[in-house]
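Below you'll find the structures, each written out as structure tokens.
Next come two complexes, and both contain chain A; in the first it sits with chain B, in the second with chain C.
And then the complex of A and B:
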């Protein structure tokens, strides 16, 4: 009898960290999914701006107001029209995501007008519905193609 | 009792055995749980590590791309600055492998590296796959190498981030091209099918000689295309002329020649006979220059002064007076030649009879005046080479002058012909006895008349072109000295069909890259003229500029009626698949033609020269009146008649400094578009176009041909 009690107690004690680890693993997988989606989205935004001509890129960034909800961007709206199940998955993933794009002018006066740094920051909450608490940033420098 | 004890022991044994089994099971389950926990933990930490590696790679990749873009930006900035090692390396043939760039990271790269904790590693830029650009053998013969080439810039850069080394190698194509058209840039006029405007030497099919002249003046509504120059010795900076096609003859009627009664007074306004050198005729070849001579007396007894010579004959007091007369209405007047008519001199000349009917043929002067206007007696014209079978047409009137008698030395087709002149009412006969030569050498004729001449053969025509010693000499394509290592392969007329191939216009497609043609040199493609204007910087209000920087292609008509007033210009060729409209090109020099303006125009360099080409051979309409440093080209193969390829919408006080090249300028129409006011219209060459070595520009493409990102 004591043995059974001890065994049950031991099992209960041992199963707790396993359950905790399992839960954390699930949470971690979810967080990793969010992180990867954020990094892919940031890379996509940055690639889009880097592909534009220099002046068009600067004007395009400055004409937008940030932060913006990912789901409310025009490109996102175009993407979700491609397929039902795909759009549901996208909307579910990005429902709480926000992003911001900033432009930083160079410190050297001779370089202003010839280059600027683009920073894309994507923010998302740790838990659904909570305010954005996690961030991922990518930076690149855009140069004038016709100096 | 014993039985009871054994039962109890057996029960104890079974209980003990069952208790051990649970322990084993529990230990087993615990072991499995431990393993599970361990794997979960490992998975958890690997997942985090994987995410971190992925993030680092992304950060490193974007940094490396910015690093490579910074290198490329610095190369683009310095590639066309003369005197730098970078400039020279792009222009040093195809054997250079290293691109010498003194690289210092720009401030955003340095700051970003500090922010992210990145160590910037070494970089190197090399040239790869260098090869010369080709030239169509139908157009050019390569005499020497030039610097036109294409290849790849290979940029390799490295960084260290987060304990790992990352490198990026990108290959970007580039081209080195001339900023002006080879060979054609040396010409102020290049009309390679002008013969289509003169399908017969005289009459209504002669659309080159269409300006009616009277008293050496043209009516106000007609303006000839008169070429000026910069120098009276250096002929190259005055530009060359080609009037084609190569195997077709062009005849330009010279103007005037008769002076007022007083030798010191000239009614010459458009007088051209100063262009004729005595070397044109055997009988005057010993004379250095024609002088003003009294040919005969007009009907009022006043001397008719013409440019000519008096050649003593065998007998004392006998002279053969040679006079050169141009096309002008009054030579048909009854009193112009005194007791004689022009028919007395030329009636038997078949060229005269072709010109005579219709009678406007005697007063029509050329719309092209290739050596300027003579304003001073000692002026011999702005020297320039005139290529093609181009001949000056005028009248040579010869008069046999003896004491108390004088008669025309009239044209006679008989080579053995001679004359004797009755004197003193027939009491004496004076023989026409030259010191040397025959009657034929001295007789009146239409020089370069156009009718076949068995008497004179080749000598019937006087080439318009004169060499440095003012001897008339025919110049054809084999005589061209060459430009940029190139010479015409066959004739000048063969160049443009191969170099500017016709392109079918398709709104969505780029032109085919025809090897050996100008299309192989195109670096940028624009769908519309508006796209081009925006890219060139014309629409940038803060920093207006006009940067062509190579050879660009516009897939549609181009309307530049607003003109180009900025001097922030990078030269090149604009190939337009359609019509072109061009307003003033003043380059901040302004419209007033003063000494300062001319000095500024003369300083315009070849790398700022603008060439507009209508690839389809369509019209180029000039809507302004000031054009400094512009070459306009419009060619269409397979023409059978003249077409409108240029128009001057505001021909009032026009100044054009550059070059014109087309099949048929439609000279008769141009002379009516232009307005004749003093020195206007003023056509001159841009001296920089005569440079021995063309300028080159480097175009680095924006697309990447190869991209290799490596993590070590």
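And then the complex of A and C:
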């Protein structure tokens, strides 16, 4: 009887790493999905600001208050109305996503009216419901078209 | 000379207990096996969707970056002029619900994305309007093909594409 109990115990111990590995693999795939989605969202936001004229761009960023929920942006609100299934899939990924856009002026006074750096930071929690722990940032320099 | 030692056989209760433990172990192994297989295939499906959504995003972003004029736009298609190798070319994106594909056509040559058969929903919209185009918005949902009775994986994204080749809007200077 003791031998059988030992055998079962050993087998269970051998199965445990396989189970852990499987769970870890799923978590990694999900984490990668979130990272890709965050990078695409950030690229969209950055593209929009870079396409604006210099002055309009700076004013547009400064007029917003950050951080903002990704699901509450105009583009997402509009898309969520498309359909229930779509909205569900979208909220599954972006529910806890937040983003922030910051402007950094150059340190030298001579360059101040000529360019600034835009940073888009998207952050999200590692586990649902937890505070944001992971983030993705994209930077770009916006030059003044009419210095 | 052979010495026979009396050895007691297993009792019925012991056999039943052993059978129960063995079946429990076998069921556990089977469950782990099934779960591992399902997770691996689901992981593969998710990766396929991620690659597809990435290729859609990169392709359209590249084209819209040089967009100079929107020719036509509807919920399931958009057509515009973009600069390709120094000349203006008409680029058309169309969602085909029957084949669940997103098609890209340039100068009459159709091209299917890698997402062929995965796109279950796609909606284009020019913002704020086609006439006063500022950016293109694409809401897309991809669904994996799924195997057997396993639940399918879904991935939805709202992408925003802006052009750097539009003429700047003239603002009245006071």
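Rule of thumb we're sticking to: the second predicted complex is superposed on the first by the 133 of 147 C-alpha atoms of A that agree within 3 Å, B and C clash if a C-alpha of one lies under 4 Å from a C-alpha of the other, contacts with A are read in each partner's own complex, and residues count from 1 in each chain.
Everything that follows uses one rule, which is that a residue touches a chain if its C-beta (ideal position, glycine included) is under 8 Å from a C-beta of that chain, and two chains touch if they have at least 3 such contacts.
It should be emphasised that the depicted structure is a prediction, and the values quoted were computed from it without experimental measurement.
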Ask   = Between chain B (first) and chain C (second), which does A:48 come into contact with in this model arrangement: first, second, both, or neither?
value = second
Request  = Give one of first, second, both or neither to describe whether A:130 is in contact with chain B, with chain C, with both, or with none.
outcome  = neither
Task = Applying the touch criterion given at the start, work out whether A:36 contacts chain B, chain C, both or neither, answering first, second, both or neither.
result = both
Task = State whether A:4 touches chain B only (first), chain C only (second), both chains, or neither.
result = both
Key: Partner chain(s) touched by A:143 [first = chain B, second = chain C, both, neither]   = first
Key: Touched partner set for A:78, first chain B, second chain C, both or neither   = second
Message = With both complexes overlaid on chain A, does A:12 touch chain B (first), chain C (second), both or neither?
response = second
Task = Return the residues of chain A at which the contacts from chain B and from chain C coincide.
result = 4, 11, 15, 18, 22, 25, 29, 32, 36, 43, 50, 145
Message = Under the definition above, what is the set of chain B residues touching chain A in their complex?
response = 19, 22-23, 25-26, 29-30, 33-34, 36-37, 40-41, 43-44, 47-48, 51, 54-55, 58-59, 62-63, 65-66, 69-70, 72-73, 76-77, 106-109, 111-112, 115-116, 547, 549, 702
Key: Contacting residues of chain C [partner chain A, same complex]   = 14, 17-18, 21, 24-25, 28-29, 32, 35-36, 39-40, 42-43, 46-47, 49-50, 53-54, 57, 61, 65, 121, 123, 125, 127, 134-135, 137, 139, 141, 154-164, 166, 168
Key: Residue ranges of chain A in contact with chain C within the complex   = 1, 4, 8, 11-12, 15, 18-19, 22-23, 25-26, 29-30, 32-33, 36-37, 40-41, 43-45, 47-48, 50-51, 53, 75-76, 78-79, 82-83, 85-86, 89-90, 92-93, 145
Key: Residues on chain A engaged by chain B in the complex (per definition of touch)   = 3-4, 7, 10-11, 14-15, 17-18, 21-22, 24-25, 28-29, 32, 35-36, 39, 43, 46, 50, 104, 106-108, 111, 114-117, 136, 138-147
